[in-house]
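I have a structure I would like to understand better, so I am pasting it below and will then ask my questions one at a time.
A, B, C, D and E are the chain letters, set down in written order, and residue numbers restart from 1 in every chain.
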Amino acid sequence: MEWQFFTEVLVGGLLSGVMYSLVAIGFVLIYKTSGVLNFAQGALLLFAALTFVSLTERGLPVWAAILLTLAAMTGIGAMIERAVLRPLVNQPPITLFMATLGVSYVVEGAAQLLWGTQVHGLDLGIDDLPLEIGGVLVSSFDLFAAAVAGAMVAALTLFFRYTRIGLGFRAVADDQLAALAVGLSLDRIWTAVWTAAGMVALVAGLLWGARLGVQFSLSLVVLKALPVLVLGGFDSIAGAIVGGLIVGAVEKLAEVYVGPFVGGGIEGWIAYVAALGFLLIRPSGLFGAKLVERV
Amino acid sequence: MTIHEVLLSLDGVEATYNHAIRALSGVSLTVRTGEIVALLGANGAGKTTALKALSGLLPAERGQIAAGTIVYDGGDVTRRSPAELVRAGLVQVLEGRHCFRSLTVEDNLIVGGQVQGLGRAALRPELERIYTLFPRLRDRRKTAAGLTSGGEQQMTAIGRALMARPRLLVLDEPSMGLAPLVVEGIFTALKRLNREEGLSILVAEQNSTVALRHADRASVLETGRTVLDGPAADLRERDDIKAFYLGFGVGGPAAPAAA
Amino acid sequence: MTDLALAKATASPARRFSPALPGIGLLLVVAYGILPLVANEYLFDAILTPFLALALAGLGLNILTGYAGQVSLGSSAFMAVGAYAAYNLALRLPGVPFMIDILLAGVVAAAVGLLFGLPSLRLRGFYLAVSTLAAQFFVQWVFNKVGWFSNNSPSGIVSVPTLSVVGITLDSSAGRYLFALTVVTAVTLAVWRLVESPTGRALVALRDHETAARVIGIPVLRVKLLAFAVSSFIIGVAGVLWAFAYLRTVEPAGFNLDRSFQILFIVIIGGLASLRGAFLGAALIVVFPLLLARLGEALLGGLFDSGVLEMSQRIVLGLLIVTFLITEPAGLTALLDRAWNRIAGRFRRTGLPITG
Amino acid sequence: DEQYFPLQSYRVGPYAAGGTGFFGGFIDYLTLVNNRDGGVNGVKLTWDECETQYEVERGVECYKRQKNRPGVAAWNPLSVGIAYAMIDDVGRDRVPLITVNHGRTDSTDGRVFKYVFPLLLNPYSESSGIVNYIGAREGGLETLKGKKIVVLYHGSPYGKETIPIYQLLAEKYGFSVEQVEVPHPGNEQQSQWLSIRRTKPDYVVLRGWGVMNPVALKTAQKVGFPADRIIGNVWSNSEEDVIPAGDAAKGYTAITTQASGAEYPVLQEITKTVYGAGKGNLDDKKRIGSVYHNLGIVNGILNVEAVRIAQEKFGKRTLTGDEVRWGFEHLRLDPKRVEALGAKGLFHSINVSVANHEGEGRVTFQQWDGAKWKVVSDWIAPDWALLRPIIERSSLAYAAEHGIQVRDPAAEEASN
Amino acid sequence: MPAVLSEPLFSPAAGAVSSALAVEALSLSFGGVTALSEVSFAVAPGEIRAVIGPNGAGKSSLLNVVSGLYRPDRGRVWLGGHSFASVPTDRLATLGVSRTFQNLALFKGLSVLDNVAAGLSHRLRAGVFAQVIGLPAARRERAEGYARAEELLAFLHLDGVRDRPAGTLPYGMQKRVELARALVARPRLLLLDEPMAGMTLTEKRDLSGHIRAARDDLGTTIVLIEHDVGVVMGLSDRIAVLDYGRLIADGTPDEIRNDPVVIDAYLGVAHDLEAGEGI
């Protein structure tokens, strides 16, 4: 019984962790090409989910809503490139980071201005009745989410492995001036990657939206993704998954087994503290690229 | 050697940084197809600024072209993105190396070749070409460029530019930090490319001895202005001009006054 | 060099004569002599006092982020520490003068800051930035969890006692403003001395090139931790002002992540590594949304409900931030300098070219 | 003459759903009174909104600005944080501060908190009401003995506030209580619900907030805990809390001070005359009669009636804040008066006095059937005898700390 | 100036203690690459010692080991009579060692004057508090620091750009600022990694003069890495030549100039010497 409960918590944690990874992947994409933590990822997620729900609520079929939302995300990606990234080329990362905060205001505002501030339910048609496997409770919805995340990671990993684009991405993140000098089209790279981040945001937004309802708080799920990022490494897709699993498991086990001794509610920070402890051993995360510098 | 039409021309270019610091106040310069032009000048004369201006990199440094025209291959460079210029064959080796530090040396070269859009197989001989020119890079090809020695980084930067198969190669202080044999090797190789493939070259150099020995023509900048433009041979041979350039009698370019 | 190297055009502590000196005198005259006479309660409580508190927090963060180059996303946690520490000191040590409480509250915040600054010895860039969030969430949790800090107030929100300094009770808006102004002036003066001192120089050295700094004998670890301590101290004092001079209540939720970002905004929009920057940034962040709101209301209030207006303001604010960063990544300070130079240049006739 | 209601509303941000509903209802009711009656005895009601985004400092800014307009009747921030920051100021400015359904529990003691009114319900009476309901459902309070209740609370001051009171209730009625925190914002509750699944409690009380509520219901479904054994508190009782949970919310029951639904005469009237004339405040007419909207309407009724009562004493003109405060302290609406106001069944009654600023509100319980709330209980009274002493202990401590002279209700009534 | 006798075979017991710097059997490799292999030599006090060699020969690595930025796999370093398996970088300045870097390592955001004054950081005694309060000792210290820095700026003709942020100067000038920063502490041992890269002939000539003056006036021992062979030959008392991490030659300029191994590995044909001839 005790062992079974432990397994349940662990499995539950791992599956929650995958949900975090889903959000983290969006961050990784942007970080890989600009060395910047994109704080607008949460806003993108909100925007995507809100657009999708509002469209379906207005009677559009699901496929059309998805296509339209994707189009919108592409538009946003292109706009961000044109209006923000291009003029800020070759600026220090902190400046870009602040700019993404500005962008998040705009996107958040626009999302709610367009679609209102109401809370929407989102039903993806996936039942979430309790499912017992060998006496251990598993959520069917989480399994589905894990499958989606797995597929996404696989696709992105293959993409980076079998195209040379990944190399260009890293080059841009390393040195934008040099990237310009060797003829990389930063505009195209950035538009592409922000669009991709928008699509990841849509997927994450739909899955999280089905759990939380589609509302402003959706943008707060990024806070769950940040410890995942530092743990796995900002620039590693695989790291996002592994980090997510670790964070999810640590968080849940800590809450259940340590929480009661300190009054509970430690989930909010335990992941950060754990990630921090881990970073002290590996300063660039599990799979993150090590800082390269010499004199 | 065949010298044809004008490939690049700067005319009365003025440039500022941040709309405030004026770095160029009248630079004129031409490079014809198949020509090697040396751009000389003391510290802070504006060589780097001029080169960045002509390859469209000034905006990325928060610099602006305030006046004048820059025409490459019949088109205004300010109208084209740096990437388009590279695709049109105008490739620059930046001052201060600027390698992609977390990429391996070989990946640096590959990124340089990406504008050519070559496949994996076609890339091989291109890489070989660079490794023949810089054997040292072959040994270090799996090391992150950021960890290699200063000279190795300089070789990587030059090799990376050559991977794009430029028509006009712009070099900003290529000799910096390189062993004499290597400098000689580079200039010899460039000269050969120039002869055999008609590669045009614009090179900014402090090491005027080497530069003048290989250049067809030379331009001298002083405090952001072109003060001399002529056949390299003249500068090479005429001591009065050399002395002039070296700073005698022109109020020490080494320590110009501050703003 | 950290990968967040902030470099580019940042101020240099060694500037001997600053044309701003008479300006500062003038500002002080206005702040002390004129404003208390002409301002009303709204101006004090809704604009000036929060402006002062936030400017001070910005100043504190600027030491860490602008000068020492360490990005922190957890500033408001240290504000909370300062506020709660002052509350408890005032509550539990009733005999102690409030000025001492403030200092001690700052010291407590500095100690906590030091603790959370330890990872900076190993971490860089965004890794460090994200780990400062641990401070943000942990501190908020503690104040929420441990009833002792809020004197077991069931709702966790505490009302702070009325300010009284050297026997004078400052419960009017103007009084609280003058108190905040005095604290801010004093701290700013000290900070100015600090950044102009060799230690201030060491901070920037560390930011710009850590290895070189170590080689020339700057005690890197000590200076880094010092930056965290001093910065947290000041932010803690800002928290005291926030709680005692401004809101007069303290709750953990008031010191959330948004507040931390707000402070970071102040520093970056105002100008990294510039004291003026913190004030300019705070002015913008406090005043601009209000202006925007009033303007929106006046122009469009009849047409749309306040939600739509608010949303539009959010968009405008976001756009403004981006626009600012684009026109001058070095912040308002640099923007003003440039404008000033241009005006001065007019008078001096064209002073260019400036080469070498 | 005009009587002005400054509204520190919030229509954006994470709490927008509550803000739009509540302030929408409030404004709709004021509009109705103006349109139908030409105001209160000819005194027109005015208002304006100042957006706070639920942030304290914005609320303060609004206060400082809006208070300069003449004829302020009362403040209704619907935010504990903003209310706290205003307590000193309303005392000095002598204007009542209404914190319907929330706020400082001890401000129920009007002897200490002269200008603060946590009308209808405070956190303590809410908890007591919930326990009474569970008792009634199980067949009497005695049957609670040996039962197991888990309180799942939001990790914030608001969430923690009732910890001692549940402890006290458990001791009194002999059930065991386990109080479990969900960290803000509450979008992850896997571990809490797995623990609940292991504990197998008889009931779970959901003291949630915002996104925490639908997630709780969904996660409960995931671990197989039946929704009809989950009882929500007053900030977990709206449509916005259950709709996102979809089917998982079916059977969930929550406390409320005012029923939802648009069938009450006052709502009918609002629908017809206000929305009919295109002057309604809600963008989405479907939300008419929703929980927050109705709370806003009830809040409107209470404010307007307080003004009316005060007018009877002070004259039919623009009143000062202090006069309106007097009106609130004599706000007595019995079921008959409530019916006359067209709100029979919408809320029960209220009986405010100098000593009791809450008004002995009664609560009812509604169950979500997948599409709407259905009232499933009588109007239940909390255990006032148990709560009053705790409240007084806290308020008197506050008075001592802040040097406030405790009022003597008898003397005040006599002087009036 | 002390004439340093040829001492081809290094003997730690005798040489190390009396020399300003000595390295003994240093080895260092990165992955498969040998950066240093059994490198031993000593630098006498007051000597100007050049280290030359092809790119990637291990010259910068050598300086990095001496300044404690790299920890050697094997071998020891003697500095002013102390012996280290790994030099403590934090104590480097107090040991009287300064250095410059091959890639610019200036504090870009600081003014030129502050950059130079920062070179005196290790001498500061006053605590933060004293500095902020402005205690007399702290003030004196600060003033002295700036006075010293100003002297150096004048010496290196940098006074014109005193207040400019170092990052906005042209490359060559930045190199000079770095030299000033290293010199301001009057080090006993000065390590220079390609200080003249990116300078014109005139500037190199000036700088050579300054380096020599530093040695003559202050008795500073100087280790210099430089690719301009003309400069090296004119300036140095002795030259060590590295190739693939090994010390392939160590001797006077004349010996090196004519050493066939060196010519083969590094110098190439004779005309390369013309650049800085006679400096």
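To be clear about the criterion, contacts are C-beta pairs under 8 Å (C-beta built on N, C-alpha and C of every residue); 3 or more make two chains touch, one makes a residue touch a chain.
This is a predicted model, so every value here is computed, not measured.
Chemist: For subunit B and subunit D, which third chains touch each of them?
Modeler: Chains that touch both subunit B and subunit D, as defined above, are A, C.
Chemist: Going by C-alpha centres, which chain would you call the most central?
Modeler: If we average C-alpha coordinates per chain, C lands closest to the whole-structure average.
Chemist: Between chain pairs A-D and B-C, which one is joined by a greater number of C-beta pairs in contact?
Modeler: Higher contact count goes to A-D.
Chemist: List the centre-to-centre spacing of subunit A and subunit E in whole Å, with centres computed as mean CA coordinates.
Modeler: Between these chains, centre-to-centre, one finds 48 Å.
Chemist: Would you mind pulling out the distance in Å between where the CA atoms of subunit C average out and where those of subunit D do?
Modeler: Inter-chain centre distance comes to 37 Å.
Chemist: Which integer distance in Å separates the CA centroid of subunit C from that of subunit E?
Modeler: Chain centroid spacing, subunit C to subunit E, equals 42 Å.
Chemist: How many angstrom lie between the centres of subunit A and subunit C, each centre taken as the mean Cα position?
Modeler: About 30 Å separates the centre of subunit A from that of subunit C.
Chemist: What parts of subunit E, by residue number, touch at least two of the other chains?
Modeler: Expected reply: 60, 69, 101-103, 105, 160-161, 163, 168, 170, 173.
Chemist: Which positions in subunit C are in touch with at least two other chains?
Modeler: Within subunit C, the residues that touch at least two other chains are 5-9, 141, 144, 211-212, 307, 311, 314, 329, 356.
Chemist: Send over the residues of subunit B in touch with two or more other chains.
Modeler: Residues 21, 43-45, 147, 253, 255-259.
Chemist: Okay, what are all the chain pairs that touch?
Modeler: The list of touching pairs comes to A-B, A-C, A-D, A-E, B-C, B-E, C-D, C-E.
Chemist: Quick one: which bits of subunit A touch subunit C in the complex? Just the residue numbers, please.
Modeler: Per the stated touch rule, the residues are 31, 35-37, 83-84, 87-88, 91-95, 97-99, 101-110, 112-113, 117, 223, 226-227, 229-230, 234, 262-263, 265-266, 268-269, 272-273, 275-276, 279-280, 283-285, 288, 291, 293, 295.
Chemist: Once bound in the complex, which stretches of subunit B touch subunit A?
Modeler: Touch list, subunit B to subunit A: 55-57, 59-61, 81-83, 85-87, 91-94, 98-103, 107-108, 110-112, 114-115, 144-147, 160-161, 164.
Chemist: Quick check on the complex: what are the subunit C residues that touch subunit B?
Modeler: So the residues of subunit C in touch with subunit B come to 9, 329, 338, 341-342, 351-356.
Chemist: Report the residues of subunit A in contact with subunit E in the complex, numbered from low to high.
Modeler: Counting only subunit A, the residues touching subunit E are 294-295.
Chemist: Show which residues of subunit A lie in contact with subunit B when the two form their complex.
Modeler: Residue list for subunit A touching subunit B: 89-90, 164, 167-168, 170-171, 174-187, 289-290, 292-294.
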